[in-house]
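Each of the next two complexes has chain A plus one other chain: chain B in the first, chain C in the second.
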Partner chain A sequence: MQDLLSVIMEPYVFVPLIFPGITVAFLLLLVIIWLERKIAAKVQLRYGPLYVLKPLGGAIQMVADLLRYLFQEPIIPKTVDKLAFIMTPALLFGAAYLPTIAIPVSPTFYAFRNDLSLLIVLALSTLAPIFTVVMGWASNNKFSLIGGVREGYIVVSYEIPMFLSALSMAVLYGSLDLVEIAEAQKGIWGIFLNPVAAITMLVLMYMSTSKFPFEIPEAESEIVAGAYTEYSGILYGLVMGASYVKLYVLSLVFAILFLGGWNPIPGFMANDPLLPGVLLFIKAFIIIVIGAFLRAVYPRFRIDQAMDLGWKTMLPLSIISIFISLVEIMIMGGA
Partner chain B sequence: MAVERTIRHIKALATGAKYMLGGHRLTLMYPDDIQEFPDGYRGMIEYDWDTCIKCGLCAMVCPADAMKMYVSKEESEEGKRPVRRPGINYTRCIFCGFCVDICPTNSLKFTKVHDVAFYTFEEQIYPPEKFREGIPKPQYDKEPRKVRAVLDEKRGIRYEPVE
Partner chain C sequence: MSLEERELEVLIGPQHPASGHMRLVAKIDGDIVVELRPNIGYVHRSVEKLAEVKKYLQIIPLVERPSLADTTANNLAYVMAVEKLLGIEPPPRAQYLRTLLAEINRIHSHFYGMGIHGVMIGSSTAYMWCFGDREPLIELAQELTGARLTYSYIVPGGVRRDLPQGFEDKVERVMRYLENRMPDYFDIYFNNPVTRARLEGVGVLTKEDAIKLGVTGPNLRASGVPYDVRKAEPYAAYPELDFDVITEEAGDAFARVMVRVREIQESIKIIRQVLKNIPDGPILDEKYMKMIPPNLRKQVEETGHIKFPGVFANLRVPAGEAVARVEGGRGEVVFHIISDGKMSPYRMRMVTPSFRNVILFEHLTKGARVADIPAIYGSLDYFPPEADR
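Entry: the complex of A and B
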């Protein structure tokens, strides 16, 4: 028992399996989908999920939904490409959660430290959209195909500006190492140094995970469920969870880049992974809740409006944010 | 232009936040609270067997073919000629109230009951003999609170309990 616990507490086991890895991501899924529905209901003067555990306001609604997904028969239509159809949900979920391995939890607690860990996270997070496109093709359904193609359109319009604004922070801190970036924010957080980059990245994060103004690839009222139309049962549960997990990963990156990561943290606590991890999680959680709140406020953009925003507004803004970083380096005299 | 749009976005978010923190809900918690309806509410229809003159106007005016004249067996055998009385089919009824309006002797009346569930399709068809027995009593798990909807200038709709 003691041995098992010590093995689990090893960073290279703990990070992918517990936090920020699969366990916390899964628990977050259960909470955040309920919270999203609850927030939307409050804004629209309704109650939202209520009758599953009424004293807590239906807090375990998602447990009930998960059970339903688990026991529902996953229907595989005859005309689909079977291998691609069955494999993509697992691959999509895996690809969405994969970048967590490179996210540090505290200055000394990480699965591995690399000079390029920011690039690793960003690069791994680009894997997921490919599977959505594959899904759209494999389903042999017009709505799925349109959804897949829309995802492709959205990807080309958010990826470049999002990475430019993330990399502008790397320019500012003079490092691509997430641990170093977070440590560099001991005094002043990145969001105050470069607010343009922060806003750009925030908006594009929501765009990349189909959050509300940009819920274009799975637009319910237009194309049923986009690329996910033919999915049912636990396969659908996986694909639905994937975009939330991706948002969770990107929120962790956002918290490290702009919200100081685990700072402010008293020096003697820095070696213990608990408090820094909790702080990092709370910051990421706030970002996710804001995304859930947007759902209640915004209607869906048309695809051309979203691409307009990506190419004509966010790309110039992200280039401006790089210049802001450069000017600040010049003023402050070196990173 | 860009500034104006940004201001609009901020206004939209502020409105959303205001509602989220406002804590007001328009939902009527239905099985726990039931609404008291105003006079003239068009619910299920009551039939007065004795005052009915069997004119058949209700069946004639019914736009949904819900109200029909059925041959009443006992009376027909008594009188040695077919006697027809109205019956209603709730799978077709649209609660328009034409039959109630047109009835020359006010034998058809609206009740305020609408929340009744049926197990089978046939149960929803009310031939004259069943029609005279009146409407089924709605059944609740526990006794519901009666509320009345009140228009409130600030909050929209409020529900006030009624004695």
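Entry: the complex of A and C
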């Protein structure tokens, strides 16, 4: 037992399996979907999920939903491309969760340390949309096809400005290593040094994970559920969870880039992964909750308006954010 | 699909989250709608034919059913046509009560349309709020008539029930609540930049087209045509009331929503006037009042609930032809009844506003984007069962 615990507490096991990896991602999924519905219900003057564990306001509603998804028959239509149809949900979920391995939990606790860990996270996070497009094609359904194409259009409009604004922080801190970037924010957080980059990245994060007002690839009143139209049962459960996991990963990156990661943390606690990990998680959680709250506030944009926003507003803003970083480096005399 | 073929035919509905009981056959080129043809008739209930075998009083619930959110307009227009044939004029108090219910119904019908429109462009909050704020009005109507939606309140010669005790205060409370609530809608929905981006300049209907296509109701007034049956051919208590015909100039989806919002405010004004000016007196025509047996008549006078005189069961309407028009929540409702003196009409024609507005689907969506289809659909406040009848 002791041995097992010590194996689990090894960073290269703990990070992918516990935090920020699959266990916490999964628990978060159960909590955040409930919370999203509960927040929307609060704004809309109703109860929201209530009857599954009533004393806690239906907190385990998603457990019930998960059970339903598990026991529902996943219907596979005759005309679909079977291999692609069945494989993509798992690949999509996996690709969404994969970047967590490169995210550090504390200055000393990480699965592996790499000079390029920011790039690794960003690069891995671009994998997931490919599977959404494949899904749209494999489903052999016109709504799925339109949804897949929409996802493709959205990807090209958010990816470049989002990466530019993330990389502007790398320019500012003179490093692509997430540990170093977080450690560089012991004093001032990145969001105060470069607010333009922070806002750009935040908006584009919500765009990349189909949060309102960018819930365009699965717009219900237009194209039913976009690329996910033909999915049912646990296959649908997986694809629905994937965008939340992606938001979780990007929120962790956002917390490290702009919100000081695990800072502020007292020096003697820095070697213990618990407190830094909790701090990092709370910051990421706040970002996710803001995303969930947007559902209650905004209708959804049209695809052309979202692309306009990406190319005409966010891209110039992200370039400006790089200049802001460069100017600040010059003023402060190099990083 | 060959490579040369650029257009994709998408069948939206009848099993689609936002199609309603109809099918929209859309031909799209990329994200542009080339052609959109509404395929209606999925909820045809042959109301007109059924009316030919039903008795005159049985037809009241029948004509209410097709337009569930706006039942009073159908009820009122039908009864007005029957009254024209019978040659009776309801007493003034009944006229005011009819107006009161019609305006309560107009407000909750507008909320219904705005709510559906909200969820069609993705604002679940607008949907929930509209449906929530519809509730106090439905409760009012329930207290007045005993039913939440299908009131069957208006009968030949008058109305079924008098004002309940303390109804004025309750109405005033609801009206004040609505007035306080409207700014919230503007904060979160109407002035929301995303709502504006989705609705402004979308589905523009010019004044000329609106007249040419025979559009009716708020959709017509949003294109700057100040036409309202309540003013053009006043009925019930409207000639004695002071209100404006709401128009907007833009003619786009947002203008259509704004007309509804401002009409709600206008209806609040009308309801207040009705309750202030309502005259005392009977609520059923004297001729029918006399036919109620004396002991029941006493009960009617005490409770304010009409007991139908026996003649209603087999109401015979003199031979002739009558047309009645009413401005409902969604537009002009027309009833044309031809009677041959029997217990059922020889022919009843029912023209509903949705049926006249359905032409807009094809007209407004040409060249719009795929995402504009629900934005335009919702802005028309189109209700398939009402169009199909």
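The rule is simple: the second predicted complex is superposed on the first by the 335 of 335 C-alpha atoms of A that agree within 3 Å, B and C clash if a C-alpha of one lies under 4 Å from a C-alpha of the other, contacts with A are read in each partner's own complex, and residues count from 1 in each chain.
Methods note: a residue touches a chain if its C-beta (ideal position, glycine included) is under 8 Å from a C-beta of that chain, and two chains touch if they have at least 3 such contacts.
Worth saying up front: this structure is predicted, and the values here are computed from it rather than measured.
Trainee: Please tell me, clash or fit, for chain B and chain C sharing chain A in the overlay.
Mentor: Because the two structures are overlaid on the shared chain, the partners are seen to clash.
Trainee: Under the stated touch criterion, which partner chain does A:Trp311 make contact with: chain B (first), chain C (second), both, or neither?
Mentor: Neither partner.
Trainee: Of the partners chain B and chain C, which touch A:Ile39 in the superposed model: first, second, both, neither?
Mentor: After superposition on chain A, A:Ile39 lies in contact with chain B alone.
Trainee: In the superposed arrangement, which partner chain does A:Tyr47 touch: chain B (first), chain C (second), both, or neither?
Mentor: first
Trainee: After superposition on the shared chain, which partner residues are touched by A:Phe293: those of chain B (first), chain C (second), both, or neither?
Mentor: first
Trainee: Looking at chain A, which partner touches more of its residues: chain C or chain B?
Mentor: For chain A, the partner with the higher number of touched residues is C.
Trainee: For A:Phe301, select first, second, both or neither according to whether it touches chain B, chain C, the two together, or no partner.
Mentor: Second partner only.
Trainee: Taking 76-84, 130-138, 310-318 or 364-372 from chain C, which overlaps chain B after aligning chain A?
Mentor: 310-318
Trainee: Residue by residue on chain A, keep only those touching chain B in one complex and chain C in the other, then list them.
Mentor: 43-46, 296-298
Trainee: For the complex, which residues does chain C have touching chain A?
Mentor: 8, 10-11, 16-18, 31, 118-126, 128-129, 132, 188-189, 192, 194-195, 197-198, 369-374
Trainee: For the complex, give me every residue of chain B touching chain A.
Mentor: The touching residues are 2, 12-13, 15-17, 19-20, 23-27, 29, 156.
Trainee: Once bound in the complex, which stretches of chain A touch chain B?
Mentor: Against chain B, chain A makes touches at 39, 42-47, 293, 296-298, 313.
Trainee: Please give the residue numbers of chain A that touch chain C in the complex, ascending.
Mentor: 40, 43-46, 142-143, 146, 212-213, 215-216, 219-224, 295-305
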